[in-house]
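Working notes for the structure below.
Should a chain be cited, it is by its letter among A, B, C, D, E and F, assigned in written order, with residues numbered from 1 in that chain.
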Amino acid sequence: MRPSGRAPDEMRAIDIQTGFTRHAEGSVLISFGDTRVLVTASVEEKIPPFLRGKGEGWVTAEYSMLPRATHTRGSREAAKGKQSGRTQEIQRLIGRSLRAVVDMKKLGERQIVLDCDVLQADGGTRTAAISGAWVALRLAVDKLMAEGKITADPIEGRVAAISCGICEGTPVLDLDYDEDSSADADANFVLIEGGKIAEAQATAEGACYDEEGLLRLLRLARIGCDRIFAAQAKAVGR
Amino acid sequence: MRPSGRAPDEMRAIDIQTGFTRHAEGSVLISFGDTRVLVTASVEEKIPPFLRGKGEGWVTAEYSMLPRATHTRGSREAAKGKQSGRTQEIQRLIGRSLRAVVDMKKLGERQIVLDCDVLQADGGTRTAAISGAWVALRLAVDKLMAEGKITADPIEGRVAAISCGICEGTPVLDLDYDEDSSADADANFVLIEGGKIAEAQATAEGACYDEEGLLRLLRLARIGCDRIFAAQAKAVGR
Amino acid sequence: MRPSGRAPDEMRAIDIQTGFTRHAEGSVLISFGDTRVLVTASVEEKIPPFLRGKGEGWVTAEYSMLPRATHTRGSREAAKGKQSGRTQEIQRLIGRSLRAVVDMKKLGERQIVLDCDVLQADGGTRTAAISGAWVALRLAVDKLMAEGKITADPIEGRVAAISCGICEGTPVLDLDYDEDSSADADANFVLIEGGKIAEAQATAEGACYDEEGLLRLLRLARIGCDRIFAAQAKAVGR
Amino acid sequence: MRPSGRAPDEMRAIDIQTGFTRHAEGSVLISFGDTRVLVTASVEEKIPPFLRGKGEGWVTAEYSMLPRATHTRGSREAAKGKQSGRTQEIQRLIGRSLRAVVDMKKLGERQIVLDCDVLQADGGTRTAAISGAWVALRLAVDKLMAEGKITADPIEGRVAAISCGICEGTPVLDLDYDEDSSADADANFVLIEGGKIAEAQATAEGACYDEEGLLRLLRLARIGCDRIFAAQAKAVGR
Amino acid sequence: MRPSGRAPDEMRAIDIQTGFTRHAEGSVLISFGDTRVLVTASVEEKIPPFLRGKGEGWVTAEYSMLPRATHTRGSREAAKGKQSGRTQEIQRLIGRSLRAVVDMKKLGERQIVLDCDVLQADGGTRTAAISGAWVALRLAVDKLMAEGKITADPIEGRVAAISCGICEGTPVLDLDYDEDSSADADANFVLIEGGKIAEAQATAEGACYDEEGLLRLLRLARIGCDRIFAAQAKAVGR
Amino acid sequence: MRPSGRAPDEMRAIDIQTGFTRHAEGSVLISFGDTRVLVTASVEEKIPPFLRGKGEGWVTAEYSMLPRATHTRGSREAAKGKQSGRTQEIQRLIGRSLRAVVDMKKLGERQIVLDCDVLQADGGTRTAAISGAWVALRLAVDKLMAEGKITADPIEGRVAAISCGICEGTPVLDLDYDEDSSADADANFVLIEGGKIAEAQATAEGACYDEEGLLRLLRLARIGCDRIFAAQAKAVGR
């Protein structure tokens, strides 16, 4: 029995609220149970130096956790003067995941920045961020298309992410903080609608796992991502 | 006529939602119109080095603006590796304002950190932060008292803050972003319920002002703070 | 009775020595009693990025305290690798105060940087810095005009600043360190010759104050600034 | 045909030179073809703060690339004043991988730091670093046991790592720089001798992959790690 | 003929004003012609960690140049967030030079910090700093002895420093900025009263030099330091 | 008798291995006994801002010590976020020494960066770095000349460096770590083939020295540098 009483393949409630803030071109508050992440997509009519003159755009992400998103207060990275290795690892993953479904030529010479700020954390913040970022990106691109700045849709498909893990020998889906901190192995999958994999990361924490374990985690991730794809579709109205 | 159509002494709608996040000892989402600030109060059973051994507590604050809280995206301070002068000035003001109503002996050897994160900005973020911080602090202290960790209430009164300014010659209350960026003078008042002043800051932007102007701004601030005191009372249920 | 034996409305001796160093376009050593600040004005034929192409100039300030300007040695900000919140707050105030009397169009596309370095501190360093910075700025602008680089005088008037406070219930003028560290309320006023106010900041330290207190502090500030305006006039020879 | 002429499941030459430097408790120069990493293991009789009083040790890693390890010179992180996200991600992975085979209770209250400095890079630096770090760790632990500081061996098994990828549709083992920069997918596996998995990371670069692709990469990794385990055994003489 | 009209072995006027600021245990404004450095000596009843429990004291120095000490304004190190290599090199030299004449056992477990802030620069700032620092140190130690905190004098002799250089083939003493920026070789000598050498640094700028050149520079330095020793003696009254 | 059994004027074995890494335009592993430094020369077709438009090139250096190059592990500068004063002082010396033999006009508008990374330290790392850097620079310039990018050889002669010191009253050549940490005086000389001096630095550590001591150190340095010039000649084949 999981601490939350959920079945091994049961996700927490997913909620995606669009338009949570009003200035950004795309704005989403996504919840996986008690994990809540505010994602905004900002369109900037400039690109990073390494892309200049190539006729291509860029999609990147930044991630942060509010100091008291967690059980005990963490120090504020802006006050410490640097981002932790964990923060940088996560924001690199988010950017890479979104770029997997964007045609940079069609986006044109502009950059979309996805800011993922965790308001409340209960496990799975990076996967909620990726899943929400796709919605914010979709909204921002829709706006660019409506304004006639982009003609062909640069988004090639949906992308979603979910965590899984092996807890007391059982593979389970969508770990909350309690499970996450005691899991033997902890995995994050980023999947593309239709079945392809954009990223798989599976880490042994307490006990190493085998090929069968990896496959069972991947199968759980497919169940979870299908639910997220449906929620994304509903949020963007198609 | 103000851009928003408000009367000179008319505030924007105030909304205070308590318990917006669940981990913090006190958590508040406060809105002054479109300005929305998430404030959490975190109780830490430790004190800063300069207070050790004095039998006193401390109240401090940190402030940040999410990168896309504003019309155009600002850079993330954690990524830049330092907090701006504006951020530091504001968080020092917030901490000082709250300390004006707290008896540090009664608080005991513990620290309460008020994290003020602006989710959406439309002028007056520092005054909304102070006003919301009082509610978060009140909730956290209530919890400490309910747990028996504090016996005598260390909070000596309510504190609220509001901005005023002189726009095209007319003193007006609670400036939004449009007014703020074109005002001749811009003031922030931190008032204590009952009429005392904790902090007055009035800055000429385009045109210097005179004593009569300063007094008219202070009178508007009293009107605004009375409305905030009422909203605070309602939010904490007394 | 004040610790220094001064009357409540009595300032410390003001001394303004021009040409204290020789490289800067304007150089001043200003003393308010034992508080001594070296201010230099540097003319730079470049402007900050946000002003490019607008045909306007800029005036900005930097502030620092030598490590042993104070009773006990403070750490050197350059060695720590960052400026404190206090330093940033003060240098923002100095720049803003001077800009209140400068017509940026007449200054033309150049920047004047006011470096305020406190050689010895005994309270009131920021107000001495502002008052001295006006003299350094005046000297630098006179030089630009003598060289024919500027035709119309961009300085619209004098600006001076002074601290006041409420000590044991009595409003007093020009606090030294002893008074400053024990005052119930502490205020800084930046005034324009002729009576207008550029900035008013009044902070409760030990006890909140009322409107009457604020006004009495302002009236003391007028007395003090009139004395500073006279000293400034004498220093620049008109 | 691979650019190097290797078969899809063919590794580059592995070379492990122990005792490359003489001060460290363990020192190894490991080569995977032209990729050469110097790994030292330093025993420190102190532990990080979060472990104090638990009777456990710690194993951690730091990673760096010499500026001209690569085709074009990269900037030196010490000169820039911060480690890149990539560097932090890699050193976190190395530390985690080694901790997967160490019993921290048996290690006792001491820390072993694995410094992995890339002298020459040609793809696969992180996997060479992990594979070499195991040897350096083994040597350092052997020394601690020979000195009688540790009685029971804290190392529970061998760990090795290898990169694989999908290049022009074909899964291949041990990518060099040419392949790495053009691969459709890029994976790193950290395996434990005996078959268990400590970490799997597979990232789509140009094209997403499917479950079958993931499994084929894992099988290649097993082939590669078996060769590394043999080289490790030979290097440590058992 | 030198640009200043001085003879090759002629120093600029030396002036040492003690008690320039009042808080420090020792305070000196030293001038070598137009080069003016404010040096304060601060006694701290604590020592750096590496000396704890050894019964010894420490002498260290910090150096900084005010932004407009020079012909054109330099950026402020505190604002840039780091000290330049030049600054660090100079402050290490100053500390080392003073430590050459102090018996750390006799100083006892306390630290003396010498802050050297250049108010105006015209060549030779580091040598003026060292020469002035000896006076500030002497004053601070005299105070410690007068207070009975130290019984045996820890200062074993005088130390002074001077720059020399080879300009258009001729060795000259005490370079000003004009000479310094065009010299073929540039040297700094730190000498102990009585003839010993604490530090010799001679750098070719435009043309390498030979042994004879080095010796002629050293002989000039002896002439210069003898004049400084006399000025130091007069400044401290013995 | 020296701890190593060497005669006072006896150097340690010098070894210069060219082509140690393959990407850099020049690459050298130089050993002075157990001190081993990897030096690479990188040609960059860009110059620092202060040289733009002058038709000249630049030669600069960076220096670092691997954390466990030493007896006990030092912290990694990239992790601490800043380079130590010692590191900056050394890399400034290396760059200056190499520039002493390069005609920047003949080099043309390009920069050569010499990265000196100490793999193992046993005293004399900066002098080994300078001596090896000359070889790396020579190789890189030869490559530029072979490619026809440079026509006239910009290198005007050989430069080498060696440390000397006074140990228990005796001047000795090429100090190892044991001698270096106990020497009374410690000197580094940078000499040009043919006899000229590019840099002389002699520092008293435990006891000040006299003119005769300085000259005896310089004579030892000549002996040492002659051996290094021979090794350099052999390494570059002429």
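Please note the rule applied: a residue touches a chain if its C-beta (ideal position, glycine included) is under 8 Å from a C-beta of that chain, and two chains touch if they have at least 3 such contacts.
Here is each chain with its UniProt name: A, B, C, D, E, F = Ribonuclease PH.
Values in this document were obtained by computation on a predicted structure and should not be read as measured data.
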Count of contact steps on the shortest path from chain A to chain F: 2
For chain D, the least number of touch steps when starting out from chain C: 3
Size of the rotation, in steps of 5 degrees, that lays the CA trace of chain C over chain E: 180
Chain A and chain C, separation of their C-alpha mean positions in angstrom: 50
Centre distance in Å when chain A and chain B are each reduced to the mean of their C-alpha atoms: 33
Of all residues in chain F, the ones touching two or more other chains: 81-82
Sequence of touching chains round the ring, chain B onward through chain C: B, C, E, F, D, A
Sites on chain C touched by chain B in the complex: 82, 84-86, 88-89, 91-92, 96, 100, 192, 195-204, 208-211, 213-215, 218
Partner chain B, residues of chain A touching it in the complex: 21-24, 27, 34, 36, 38, 40, 42, 44, 62, 64, 66-73, 76-79, 81-83, 87, 113, 115, 117, 119-121
